Amino acid sequence: MTETEAAIILLSAKVALAATLFALPLAFAVAWLLARRCFVGKGLLQAIVTLPLVLPPVATGYGLLLLFGTQGPLGRLMEAVFGLTFAFRWTGAALAAGVMAFPLLVRPIRLSLEAVDRGLEEAAATLGARRIIVFLTVTLPLALPGLLAGAVLGFAKALGEFGATITFVSNIPGQTQTLSLAIYSLLQSPTGDAAALRLIVVSILLALGAVLLSEWAGRLIRRGGDGRA
Amino acid sequence: MGGLEVDIAGKAGSFAVSARFTAAPGVTALFGRSGAGKSTILKMIAGTARPDEGRIVSDGRVLFDAAAGIDLPVRARGIGFVFQEDRLFPHLSVRRNLTYARWAGRRAVGRPLPEVVALLGLEDHLDRLPGTLSGGERQRVAIGRALLADPRILLMDEPLSSLDRQRRAEILPYLEAVANETCIPVLYVSHETEEVARLADKVVAVEAGRVRAVGSPAEILGGEEGGETAVLLEGRVTGVDPHYETATVDIGGATVELSAPGLPMGARVRLRVRASDVAIATRPHEGLSIRNQLSCTIERVTVKGSAAEILLALGEKRLVSRITAKSAEALGLAVGQRVVALVKAVSVERARLMRPDEAVE
Amino acid sequence: SERLTIFAAASMKDAMDRVVPAFTAESGVEAVVSLAASSVLARQIEAGAPADVYVSADVEWMDWLAERGLVREASVKTVAGNALVIVSSAAADGGVADILAHGRVAMGDPSHVPAGRYARAALSHLGLWETVRERAVFAENVRVALELARRGEAAAAIVYVSDAQAVGLSPRYTFPPESHPPILYPAAATAKAKPGAEAFLDFLAGDTGQAIFRDLGFARPATMGADGPENRTGGR
Amino acid sequence: MGGLEVDIAGKAGSFAVSARFTAAPGVTALFGRSGAGKSTILKMIAGTARPDEGRIVSDGRVLFDAAAGIDLPVRARGIGFVFQEDRLFPHLSVRRNLTYARWAGRRAVGRPLPEVVALLGLEDHLDRLPGTLSGGERQRVAIGRALLADPRILLMDEPLSSLDRQRRAEILPYLEAVANETCIPVLYVSHETEEVARLADKVVAVEAGRVRAVGSPAEILGGEEGGETAVLLEGRVTGVDPHYETATVDIGGATVELSAPGLPMGARVRLRVRASDVAIATRPHEGLSIRNQLSCTIERVTVKGSAAEILLALGEKRLVSRITAKSAEALGLAVGQRVVALVKAVSVERARLMRPDEAVE
Amino acid sequence: MTETEAAIILLSAKVALAATLFALPLAFAVAWLLARRCFVGKGLLQAIVTLPLVLPPVATGYGLLLLFGTQGPLGRLMEAVFGLTFAFRWTGAALAAGVMAFPLLVRPIRLSLEAVDRGLEEAAATLGARRIIVFLTVTLPLALPGLLAGAVLGFAKALGEFGATITFVSNIPGQTQTLSLAIYSLLQSPTGDAAALRLIVVSILLALGAVLLSEWAGRLIRRGGDGRA
């Protein structure tokens, strides 16, 4: 593996990990709202959350550019408040990946939350546990399989994200060029097939690793959560 | 002295419930047929279901008041709830289930864990997950979890239904002791008249979502259809025979001897005498193993099919004897007649040792 | 009736939008245009796509197809040319070095976007590549690069003059033609093209077609070098 | 005549189970403490758990044979199973739950649905989903579902545990009738000695995963710790008094009168007489409501604390009387002495009507 | 709306619907295997199923082109056996969309299947139901929420699929040009923004419709499946 390739792989992992980790809590919150609360715009919220899946990634990329670019309203805000710049940075790649992965995170978590037995939460409350404690000791552990499924889907998507990323942060080697972008670039040139294939294999290995890890974690959770032979 | 006042009306789906009763410290049984609304009432007291109207006050604290808009959250009501379905946390070990109120609920450490674990026979299962426990084991964990929650009100929905007689015989006195020591109201749902008679100070009879009657176990269980007729007599121990382990109880106007090891002199007890255990003789007899021969007056004779129920006045107290209608006729029993009630000492159940401060009803 | 399928580089969108109706009006032959990256289209033709005409933004991919005998070599025509310019939202004035001195410079990805390759060649020729590379932003296509400059995300963008003209931006600087390989748009009939394909190519190279290209800011291919529109005989 | 032969050994997790018994048509009770392995044995018979060794044969059909590699799938075993936890289908209405075996299991239409629904009092709930049913209602649906499955073996794991006495009193005779009419083995797990005595032909005592004893209810339940001592007597109805609704039963060597409406002349019945319901007199007495005065010989006197258990020989049969030790001494009871056992007619429970072909034990 | 736009919308709906409907049973089967069976290559199978998410869509598109193109081995097979051609047809667009949506279908279904109480299936078996009947009357209805969640995610993804589609079946108006591809085409022209926006709005509306429909169906299922107030 060349040094450039190693850098690309590292960057990809970093971007995908950051995207998943940051999107996860937010996705959980949204999933919780959708699973547990009744409000008027519920269907609408679910639809909005699903949008990045429906729109062509290029459109989402443009949207991100308009909102989070250095000139965009949110971009300026983030810059001013957190000193965080997205445009043409790996952070932007993570943002794009996170946005695109978001719907994939929300759905399984919502599904799991809907399946949690409310009776157990009630039981916890009768034992004196405050809401947040009930959440941490009962709801969250019981929703773990969904969280895990969402995280795997989201991570995989973040790893593979291409359209929105290239539109939002461009393809800057060493800064925003993730595996996907690199593979794409290579495939665009008549002579890039072999190099592209190498990176594709790397991608596959990364995904395999993530999936196997999640399967293993899933078994742990199930052993813990079920106990039925 | 704090008790629980309940006066609520509400719905569970399409089923309307309204209930009004008070529960003093000690055991109050909710008694009623399947589907009568017992669990629903408990849920409303716990706060996991919401009444439409009314008030619930515990020990002076208003838990719920529809008019005043008060609806204390479940966690703040200070309850311990044994649900009808066990509702154990499937992802937590038995130990963590039992101690949940301590590490998650921040309830005070009351009863010691090893004591409760030993009582419930859960020593071998502490590190297992609930998933593979047997039905009775699950139920025991649920009981332990509620007991260890240091509750100010204990709500128990058929807590012993899937336990064997021996285990019940171990747990019942403990529950009795919990109710007495901690001076908290215990609301107890059960179908076992025996259990109710043993434990309860008061019975709330629930029928079709409403309280049909509230009264002493004697009053309510006596008339229970399908149940056995029995009377509860309260009195004071006036004599103890340590050798034969019998006690003599003065029930006011008469004394009853019963087989009861360990009853202290002067203690106040409630005795349960089943109607089918009372025979009638027209005069006292010698040479009988039946030592309680109580002179009574017949107050009423009710023939129910092949059986006759004879209400007997024994001073202030009442006894009921159930004999065959054939016997009643053969003996020519009639109202006003003086007869002798025969009660075997071993048939008298000491239903409950009462607290010193408890009023004799 | 026979219908032609034109596989055209995405950057040819506006041109095709105008050429095709004109061609249909003149010849009565209908045509549909499939727009995608030149590379994608080329590979699809290799995989047996039902394309009659291939219009590439890039000589390389046309050669790649020609090599494999997937386009009729005789039909290959350079139908348009273009010039490379710098657009900038900043008001800076001065030479090319000054314009590119600050901020991000958006351009096509030199690893595969033709405009990016030309830009890299031009900048290298002018000795600016090393200083610009650090600040360069490699967009997926010229349109995105242009958009980045227009929205102020990048201080400047190196794009085709035709693109700049389309959005009404006047170029700050035009790279001299000798600073980069000629920018050419070759078109050809595929090996299994329907008969009308040649007519379409002729139309592209003809007066009406060329007028449309001119109007959109493309350069006349004849001015770009020896190969006229009539007979560009590809590299090899 | 087909029965069930069970001879298995296996594990549930780390809990080892081994059981060997046969169950003839009629009710066989599995009796044992919580966690003894009763449910596990039922599961192995049903096929939802797999024994490691042994054989299970039902009515000549081999359901399981480890040696021969036979393991019939659950669906083909022809069982009806009332699980300890109800396992109702949450997405199906009560009606669809009840009739599941018919529309999904292609079991034959046996018992009519309205009959079972009426028995279980589920008329008002047929179109509801199980989610909001009360605990007892759920249990009733589970019973109905198994009864309507037209089973060849009926496995019931504490089916009446959360039902009220009245409902039990309605369902028990029905179960009894099902067992008799359809001539299928019913394996019945229960903690209620009364229920077991009432229903069971045979009791399998389970302890710590093994069968401790197999025998008649009298044998097993009599010695049950914590239970009440009682004897079961079997005999034939020799006299019926339709007016007083009493029956006279010849138990071989003596007759017992009991209050029992509707007992047909000549029927064979099992009577249950609790030791605490039997008094002893040194000679026959007049003027007593107690009509059964049976001459017996004292065979053994066992003093247990304050009580004495007197084993009485009544011809071939045995009776047990439980009186206070004090009485026993006062009457000077000794082995070999002729005494009169006093048994109230209303205290004699008709435990069970037996099938004509059933052997008197 | 112009006639062309209407045609594009219809085609998109057709492609997304076909992709979802055809992928659903297969996804269910795979999810079932993953949820219920223990076999050696389980993690690997899950990884393979997840791959289309990880790889840049262009790579997946090229893969499809190689396999299912007129010259590809599977393409020839399908042509010979079913008379089904994928290359440059709407069927190919549906295939690409289905492949890309596949991981999104599998995960929630698997999650739901894992959550189904095995005790209920046992109960059904004791009542005489054969496996397939147990599956149809118990497992499937109880897994419906996951099926629904998967279907919505999958349909949304199928609607929005771009990279693999354009690579596999090209962007031929009237034949393979779905909404996503049309939006892409419009965005290629500096003057296409307005028209692109119109189509984006149409996409959003379609997604909104699908999501609202699924929310409504979800409520129906939950009312049916739970009954707890």
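Chains: A, B, C, D and E, in written order; residue numbering restarts at 1 for each.
Quick note on the criterion: contacts are C-beta pairs under 8 Å (C-beta built on N, C-alpha and C of every residue); 3 or more make two chains touch, one makes a residue touch a chain.
Please read these numbers as outputs of a predicted model, since none were measured by experiment.
The chains in contact with subunit A and with subunit C alike are E. When chain centres are defined as mean Cα coordinates, C lies farthest from subunit B. A separation of 36 Å divides the Cα centre of subunit C from that of subunit E.
Taking each chain's centre as the average of its CA atoms, subunit B and subunit C sit 92 Å apart. Here the spacing of subunit A and subunit E, counted between their Cα centres, is 19 Å. If each chain is reduced to the centroid of its CA atoms, subunit B and subunit D end up 26 Å from each other.
The set of subunit C residues that touch two or more partner chains is empty. Annotation for subunit D: residues touching 2 or more other chains are 12-13, 85, 132.
Residues of subunit E in contact with at least two other chains: 58, 62, 119, 184, 187, 228-229.
Remark: subunit D residues 12-13, 32-35, 39, 84-85, 121, 132, 134-137, 139-140, 157-158, 161-167, 169, 191, 193, 224-227, 241, 244-246, 257, 259-261, 276-277, 279-283, 285, 287-291, 305-307, 321-331, 342, 344-347 touch subunit B in the complex. Subunit A makes touch with subunit B in their complex at residues 117, 119-120, 122-130, 133-134, 137-138, 141-142, 224-229. Residue ranges of subunit D in contact with subunit E, taken from their complex: 46-48, 73-75, 77-81, 83, 85, 87, 89-92, 100-101, 104-107, 128-132, 145, 149.
Listed in rising order, the residues of subunit C touching subunit A in the complex are 37, 39, 42, 60-61, 64, 104, 106, 109, 111-113, 136-140, 144, 147-148, 151-153. Interface residues of subunit E, counted against subunit A in their complex, comprise 42-44, 46-47, 50-59, 62, 103-104, 107-108, 110-112, 114-115, 118-119, 145-146, 149, 152-153, 156-157, 159-160, 162-163, 179-181, 183-184, 187, 196, 200, 203-204, 206-208, 211-212, 215-216, 222, 228.
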